[in-house]
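Look at the two complexes coming up: chain A is in both, with chain B in one and chain C in the other.
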Partner chain A sequence: MQLFIRRYGTLIGFVAILIFFSVMLPGTFPTARNWLNITQQTSMLMVVAAGMTIVMVMGDFDLSVGSAASLAGIVAALMMAAGQPIWAAVAVALLVGLLGGAFNGAMVSLVGILPFIATLATMTMFSGIAFVVSGGKTISGRAIPEDFGNFARGGIPLGEWGGVAISLPNLSIIAIVVVLAVWVLLEQTTYGRRLYAIGGNMEAAHLSGIAVKRLRLIAFSLTGLAAAAGGLMYASRVASANPVQGSGLMLNAIAAVFLGTTMSRHGEPRILATVVGVIVLGVLDNGLTQMSVDSYVRQVLVGALILLAVAASSVTQGRR
Partner chain B sequence: MSLNKSALAFAGILLATTALGTGAALAQAKVAIVTPYMAQPGTQFYVEAFQAVAAENDWDVNVIDTAGDVAAVISRIEDLVVQNVDAIVINVDPTQVTAGLQAAKDAGIPVFGMDAGADPLLVTNVTSNGYAMAAETSTYVADRIKGEGNVVMFVFDAFPPVQVRGVVADAVFGNFPDINVLDRVTPDVSDGGIADSRAKMEAILAANPEPGSIKAVWAAWDQPALGALQAIEDAGRSGEGIVITGIDANPQAREAIAAGGNFEASVAQDFAGIGATTAEAVARVLAGEEILQSVTYVPTKLVTVANAAE
Partner chain C sequence: MAPSVPLLSATSVTKAYAGVPALSGASLVVAPGEIHALMGENGAGKSTLIKILAGVVAPDTAEITVNGERVSIDSTKAAYRLGLRFIHQEFNVVPTLSVAENIFMGRRYPRRAGLLVDWKSLNREAQRALHRLGIDHIDPSQNLGELSLGDQMLVRISAALLDDAKLYVMDEPTAALTRDESERLFRVLREIRASGSSVLYVSHRLDEIMALCDKATVLRDGRSIDSGALSNITHDDLVSLMIGRKVEEAYPKATAQPRETTVFAASGLATAGLNPVSLSLREGEVLGIAGLSGSGQAELIRAIFGDAKLTAGTMTLSGAPYAPSSPAAAWQSGVAYVPRERRAEGLVMRRPIFENITLAHLKRQSRAGTWLTPNREKRFAAELGANMRLKAVGPAQDVLELSGGNQQKVVFAKAVAGNPRLLLLEEPTRGVDVGAKFDIYSIVRELTAKGAAVILVSSDLPELIGISDRIAIMRQGEITTTVDAAGLREDDLINLCYGRATGMVA
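Let's turn to the complex of A and B:
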């Protein structure tokens, strides 16, 4: 029974939230259009959180994802403003994310700095670089090609639902693809299993012949790449870039992964659990906005819910 | 045990939410304000004044602060569209939230800009008139120097809202045959604008050492005016009667104007007026009226030593 609650308490809570909003907002919450909105609204966080899951599997953190996301958006926007094609701007921005992540990985695995400290430092560095290259300005308006902003507004038409045309947003599709890729990586490959082994016991993993340093370096690189992808999605959604716009993603990504860990057997991060964590956060924002709950009260409720979920899971764990 | 506890806690949170969320009666018009900039002082004035008018009209107002997150503004607009509110007010650059504005337009929900920027997807944008503000200070300068002498201008043409101010000042000074624009300076604003404006002004003072060779400094916003003031005071030339004006009437500028030195005038935007006028525009549209102006201007106020302390 205890085990059941520990593993499924968060899921039960999630279902309770869904039922609650569906009862309170019967005409608007449980509609296809609203759910497609939610998948689009959470898509950027989904991608960043999926990347965060990779390093958190090893018990590591990456605090720099928000800054990396901002930097990627700025790099792409500056290139587009300078007349470069969109594909080149996107490719270079993703490369910046990958290299930034690799730098994190090098600091953590090769130099041996604690991830918390290393990525705290790079968080500041990436943010500083974003300010330096952009001059602190928001790049928007005609500097951003229309096609770049239109991408986030487009989608694949799914037909009509209650007289309203609905479509699967492009951003949601990207999020689904990234989640699938991370799922394959973590759950279906030797690489993924080795990351879990490192998370279980790094020393033992090392002694059993796993190339811990190399694997950690790659994991941090992938997290940086995902952060850059999330930053580009954000930039496309707002058709602009400023040097701080991704900063909110970091804490939410970590919160989503933590919410997810309350659903796994040993409290380890699992990508599908992270997906539920992200959706919980997105649903709360969406439902509480529709119920006209004050935005500051909403923040308190979201924080309380995270505490509650993690507490419920750790209390039962402690008693075991 | 802990199932009961967590179930109770969940129930508690959900109940609290119910109590918080369902205060509104069905007949009330639902109006939402979405802004990422609630922490900025001006925004709070807009919102408070808006709410005062909303209370008179008995609207159910939902103020949503996304705490700097512009993408979240789009998300919240989408939620409000699904909720089918009667009107949405934004306080953010509309070109950054086009996705949300388009969703509102498709659903037939009017969106108003509260000092947001003009956009075809907005019913109207309520803001201060940059042309009028510049006219106030440039005519102040021309009158104070009796229509003759050398004037130094601080402008910033790269930023459209400030560029229009410079255009008006050019026209006013150009209309006085005996006013000569000595220099039209664009300061480097990366450090906030005061320090570089001061350095530029020091150079101009050095190049024009004769007392009376500079009659006035007209700045398109307050920071260069403050920089020029520092330069003039440090050069020991505050006794020459050089007239300085700024625009925006920020606290530092008000302090300088109240002190009664060379910095004589600035222009204050009426933030509360912008909020109230936005609410009035919403009321007009909810009553079925069509608003033709894509921008609605709210009068501004000249700030001099007489009212700087207000």
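Let's turn to the complex of A and C:
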């Protein structure tokens, strides 16, 4: 019974939340339109959390993803404002994320600084750079090409449902593609296997011939890349960029991965569990907003839920 | 208390993990004032039984009495209140706290003015606890982490002896102790016995048990096979009881002689902790490395395995230059390694058996070096496991759930999975029972028969003599001498390690 709660408590809680909102908001919550909406609302977080899962598999953290996301948005917006083509702006912004992540990786694996401290430092650095290059201003309006903003509003039409035209948002498609890519990477490749080995026992992994330093560096780079992608998606969604717009992503991404770890056997991060974690957070946000619950009360509820999930999952682990 | 009432009695103890029985009706009866050995192979159920007594694991069924009274031990606190003390290999210690703080952990620190910790008397009390074991070389204010493993064990033991308990349960307390330290411990255990308390003693060292213990209970496959006084049983009978068959030899016979071709040679090999060392191994040869601990054995192995920066020297493998820049390069070249600490260095405990085995061979155990093929890996692991008599539910079982001997077999399976040309072994049978030891030696023999060479670092002298063809003695980072293992006696080897003349230096 204890084992059951530990393993499936979060899922059961999730289902309970779904039932609760469906009963409270029968007209608006359990509709395809709302669900597609949720996938769009959570798509940025999904991408960033997927990237976060990669480093957390090794037992590491990246606190700089929020700043990296903001910085990527700013870089892309500045380039577009300067008349560069969208593809070039996006490419450079992604590159900035990748390099920022590689810098994190170098600090952690080559220099040997604890991830918590290294990424805490780069979190402030990336944020500072975003302020410096943007002059602290929000870049919006005509500076941003219409196509860039339109992308987030677009989607693939799925036909009609209940007399309303619905479509799968482009942002959701990106999130699905990123999740699939991370799933393949972590669950289907030798690279992922090695990351899990590093997370389980770094010394044993090293002595088993795993290039721990290089793999860690790559993992942090990928997390940075995903953070930049998340930042770009955000910028596209609001058709503007400011130096703090990604700041909420970091804690939510870590929270989503942690919610996910409550569903795995030994508490290790799994990408599909992270997806559930992100959706739990997204559904809560969506449902509580629709019920007009004050946003600060919402924060309290979300925090309490995370504590509850992690507490339930350690019911049996505590006695060891 | 009538003398006929046992101090501790645990009967009909059963416990299954995920449907796999670890104990099926074991019983254990300890009388007051005796040192009682609990014996059995790894996986026989000793650890589970101890964990149940310690209140760490809940039994499926059990009848436990202490001084004739029915009790239920549902927490470590309950065990403590009943007067049971546990000294375990993996006992909780905090290396960054002082020796005195560790000794008094979980107890009330002496106070000044009822509030401030009285450090002076804390240290004095700790000193007294250490003195009881005859230890005067440990400073109680030192950080525990600065001590050798043996000294750390002594600290733990003195902490457990601090208050008068009824029963002390010791799991392999001498694993990291020197002879002198062990002797001191035994003296204290005999004092405990004289005072009317009892000791439940778990060890794989039969000689120790024969010398120290009054009675023994032998577990096999989760059942109590026999229990009785040790005065009327022989060493060999005891071993047969444990493994359930007659023992002929402790070491499998070599089926082939070393050949002439040189597999591995090192000349002038030097690192930070290693003075220039030269050695060479022929096909099928086992070179033992003996020496006092910290004489450079570990450094030598790390240098050969590419895990240390060479300051001088060259190596060849099968005649070709060999200069590994990392353990990864060493594995690539066909050099395999069984590290000293299987939990800390050898295994990813929370991953399945097959993942541990293929971890060093993922390039070949995958499609195009990139795509995982778990089913193929599982078949491969199952085959290897069957070959070395690995006891497990299946290749997907987590290593965590295996007994120590079977965990070590997984480490060996990883090492031999790539058909290495050179196998590096460090303390390969530490904490491994008699039966699994024999299986492990057989793996080594099988490998040498195929032409591989083996370097064996071990502090187990009979093992060194039994398995090696030649033995190199290391002192202060150098190989001082190399002798033939055949016919070598243990005391000769000890003398060589201490650098005393024996008149038989080769």
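Criterion: the second predicted complex is superposed on the first by the 318 of 320 C-alpha atoms of A that agree within 3 Å, B and C clash if a C-alpha of one lies under 4 Å from a C-alpha of the other, contacts with A are read in each partner's own complex, and residues count from 1 in each chain.
We take it that a contact is a pair of C-beta atoms (placed from the backbone, for glycine too) under 8 Å apart; a residue touches a chain by one contact, two chains touch by 3 or more.
Values in this document were obtained by computation on a predicted structure and should not be read as measured data.
S.K.: Quick one: on chain A, after the overlay, do chain B and chain C clash, or do they fit? Just give me the call.
M.R.: These partners fit in the superposed model.
S.K.: May I ask you to decide whether A:Ala88 touches chain B, chain C, both, or neither, giving the answer as first, second, both or neither?
M.R.: neither
S.K.: Quick one: angle from chain B through chain A to chain C, Cα centres, nearest 10°?
M.R.: 140
S.K.: Tell me which partner touches more residues of chain A in the superposed arrangement, chain B or chain C.
M.R.: Partner with more touched residues of chain A: B.
S.K.: Is A:Glu268 in contact with chain B, with chain C, with both, or with neither (first, second, both, neither)?
M.R.: second
S.K.: Using the touch definition from the top, say if A:Leu308 reaches chain B (first), chain C (second), both or neither.
M.R.: Touch status of A:Leu308: first partner only.
S.K.: Go through the superposed model and pick first if A:Ala205 touches only chain B, second if only chain C, both, or neither.
M.R.: second
S.K.: Aligned on chain A, what is the least Cα gap between chain B and chain C? Give it in whole Å.
M.R.: The answer for the closest chain B-chain C C-alpha pair is 16 Å.
S.K.: Show which residues of chain A lie in contact with chain B when the two form their complex.
M.R.: For this pair, the touching residues of chain A are 1-2, 5, 9, 12-13, 16-17, 20, 24-25, 28, 31, 33-34, 37, 40-41, 44, 135-136, 138, 140-141, 149, 152-153, 234, 237-240, 242, 244-245, 247-248, 285-286, 288-297, 301, 304-305, 308, 312, 315-316.
S.K.: List the residues on chain C that touch chain A in their complex, please.
M.R.: 56, 305, 307, 326-332, 337, 339, 344-351, 355, 359-360, 362-363, 366, 369-372, 398, 414
S.K.: Quick one: which bits of chain B touch chain A in the complex? Just the residue numbers, please.
M.R.: Those residues of chain B that touch chain A are 2-3, 5-7, 9-10, 13-14, 16-18, 20-22, 24, 30, 32, 60, 62-72, 74-76, 78-80, 82-84, 93, 95-99, 102, 190.
S.K.: Could you pull out which chain A residues touch chain C in their complex?
M.R.: Going by the criterion above, the answer is residues 187-194, 196-197, 200-201, 203-211, 266, 268, 319-320.
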